[in-house]
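Both of the next two complexes hold chain A, though its partner changes from chain B to chain C.
Right, the complex of A and B next:
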């Protein structure tokens, strides 16, 4: 197992409740895992926590079996930082505006003390060419590029330290639809050719199905379902996943009257079409119901009562 | 910079500044007199009058027969010096303090900013008077006093900018790589905070010149016979009915210099503000 996250909890300073309420997941080498969920579900927080950018209050993160991050142990391992690179959501803001593209690209190498002068510059130029840009583009500044080009530069920067995992936080949501597909294809190619694991964060299941093999669904800081992409998309077990599938794939679902929750019990209960008395009282545990498939619901959707899909 | 010069007020400010700077640098070469030449035969000559020897006193002479124009021109040097030294001091102390407060936050922030609040709680001229009272009244201490009073302004602006810039994604990206605090602060954050600081530097030059002139006027800054504008104003004040030009001339110079810095600073601000869209 390349990366193993166990019961990870994050709580920001001054927040009433945890933003991540115990998330566990594993990523194998070369695997592409998607993380989906609505805004505020904690997807980005999870990615940032994996980079040591959030206050972790519980749980642990292991990389290649080695414990690197927990509530008691802030992230200090530079080797891990080099192996886990991130691609950001807003390409316009993810490069230093006063440094040339080449200097931006070389920054990670300098920080990791891997900078080797001409050799590193050559490597940066080769990567620019690999992501589909003119290698001469290095001497220009970020404001001279379009969003799609900037995102390619961001990908090149992430690859420069030869990582094993790429965290991509909604990397195409700020881009034009026509450019989105190109960037996604590039990510898919790079992941295959370098055996690069991908944690792909998105709210768009259609995008996820193109790119990833496995998907994990988050809701309010918890994992509610995970499994193979096609299984989850075509046979969602959790009612929340069902609404998410509906939203992206366009199957209309019966409207559910919202009700206030007392706070205990299942977080999705106010919006759930299958809620029953028990759901208001008791938080459903994340259980494996069929092979390779987990779901946190007292009454998972079975084949008999699946709507429309 | 080019945008600044295309607005009418920015251009006015820049031209005025250039003119004042020219006077400060080359002015003394343009007049045959020394700023300290006293001549009781030439007391209170009106502007544009010629003495028997044919020498032209452009702005007249004062109670000791000194050429007012010559003194103003030398005074311009002093005023620029005051502005640069006071603002420089405020910049050099205020910017690092504000950067550290904004970057580290929490207790460091509270500690530094409460200190600044104390400085801000005093009216600035009163605080400057206190500083001068402690260290003695001369031009050097007046410059230091004005600089100290300006520190909180730079500190707060830097802190506010650092707070916004440190949340940008390119800073997060460097942080995720494990970049050191020094690298983050000096390479990633501060260079992107410079614009509001440059604007403030220009505006503070104006207030510093004014404050220093005020201190000198009160006799707490430059001492006679130094041709500091505030000092000249203070001296001439005693006989303003006899020789109003001795009051008007340094007063106008102070006014022009403050106006120039403010116009320039304001249009610099507009030029940096992307919302102005010019």
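Right, the complex of A and C next:
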């Protein structure tokens, strides 16, 4: 296993509860795992935690079998730092404003002592071209670019060090569909060529299905469902996943009378169409119902009550 | 009379190679209660157009064109129109949020200054606005700072601020990019409601075609600094005429059970402003290209119920069968 995350917990300073409440997942070499979920559910937090950028208070992360990170052990492994790259959700603040784009791209190579002079410069230019930017782009400064252009510069920079794992936080969300297609094709190609593993955070299920084999769904700091992309998209078991799929397909969302909950039950209970008495009291555990498919719901959606998905 | 009218907007940026044109002759009209969606290539000038309307471009930008608000000409950097008149949701939420001020205060500010509410009224209204955009409507949430929020939460705080201004025209630049579909649906509903109640006009820059379908009456497709197709939302999405619009719509992934293949991206890239060669800016990537396309830049021609910047598409009878 390339990366193994077990019961990872994050709590920000001063927060009254954990932001990640025990998340477990695995990524094999070359595997593409998508992470979808509610806004504010902890997707970016999870990715940042895997870079050692968030206060981990429990659980552990292993890289190629070795302990990488836990509440007691801060992230120090140099081999891992070189193997992992992140595309940040906010393309504006992830580049150095006073360095030209080319210098920005070459920066990580220098940090990891992978810089090879002219050869690296050439590679940087080739990558800019592959994400659809013109050759002059390298000599300009970040503030001279549009949102989508910056996002692509971030992608090129992350790919330049040839990482083994790419943590991509909404990497295509600011792109028009044609450039998005170009970037998705590029990521798919590189990941097959170089066995690049992806943790791909997105809110667009159609994009996720295009690129990833497996998908994990987050809600309020926990995984609520995961499995093969087609299973999850076309036969969602968790009611939250179902609302995501329905909204993606443009079906009107069924109205559920919202009621506030006292907090100890299922986190989705205030919005759930399947809720029953028990859901208000007991937190549903994450259980494997069929091979490779897990879901945290007392009353998962079965074939009988599947709606028009 | 249109609420907002723009004639022949031109924007260029000063660089060491002279002025580079980025927006090249954009005209638009927006009526009360109407939503115009602007879609198009990344880097085509959508945000620059929006910023020009707000008078917020940097000083190295040269802006030309005429602007009318309710029939009256105006120069964009006009304090009077900001707030009550025009309000904008920026593509980069952090650029419009003050990092050292709590989000509650930031939403309250326009309520206190533009709407002249009392502090108590404003505090109450802030929580209402938070609720409306799907954020926790608690005093504790009001006390948070922007860096303590997720990407989508920031985006919603910015939406709440824009709505607090109760503008008559809202320019929203990618307002829902970081939101999951269920919250996005809630926000689009909210915007639609405000439009029908307050007759607010809206310019919505987005690349999400499902957002266009949900909120827009008309759509303008932008490529290399120009509108290349403008028409009603149904027409343009169902029978795109301009070759760029067609290629754009064909590269959209959909959630169906069909086997996943390679997406149809448009090959090549758009010209940078310095590469414009006097012909149609789309000609190097176009499937219908003819000799004349390389020589002459097409003009936007009215055609049936839309406007298209491509004489070849116009000549063909291809409108009914998009390829």
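Here is the rule we use: the second predicted complex is superposed on the first by the 266 of 309 C-alpha atoms of A that agree within 3 Å, B and C clash if a C-alpha of one lies under 4 Å from a C-alpha of the other, contacts with A are read in each partner's own complex, and residues count from 1 in each chain.
The rule is short, and it goes like this: contacts are C-beta pairs under 8 Å (C-beta built on N, C-alpha and C of every residue); 3 or more make two chains touch, one makes a residue touch a chain.
If you're wondering where the values come from, they're calculated on a predicted model, not measured in any experiment.
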Touching partner for A:210 - first (chain B), second (chain C), both, neither: second
Which of chain B and chain C A:108 touches, first, second, both or neither: first
First, second, both or neither for A:38, with chain B first and chain C second: second
First (chain B), second (chain C), both or neither touched by A:243: second
Of chain B and chain C, the chain that contacts the larger number of chain A residues: C
Which superposed partner A:230 touches (first chain B, second chain C, both, neither): second
First, second, both or neither for A:90, with chain B first and chain C second: both
First (chain B), second (chain C), both or neither touched by A:81: first
Touched partner set for A:179, first chain B, second chain C, both or neither: second
Overlapping contact positions on chain A, where the chain C interface meets the chain B interface: 89-90, 93
Chain A - residues contacting chain C, complex: 12, 36-40, 43-45, 89-90, 92-93, 129, 132-134, 136, 144-149, 152, 170, 173-182, 184-185, 188, 203-207, 209-210, 230, 233-234, 243-245, 247-250, 253
Residue numbers on chain A that touch chain B, as the complex places them: 48, 51-53, 78, 81, 86, 88-90, 93-98, 104, 107-108, 111-112, 157
Residues of chain B touching chain A in the complex: 168-170, 172-179, 183, 187-188, 191-192
Contact footprint of chain A on chain C as seen in their complex: 13, 39-43, 46-48, 91-92, 94-95, 148-153, 156, 174, 177-185, 207, 209-210, 213, 247-249, 251-255, 257, 260, 262-266, 269, 272, 274-275
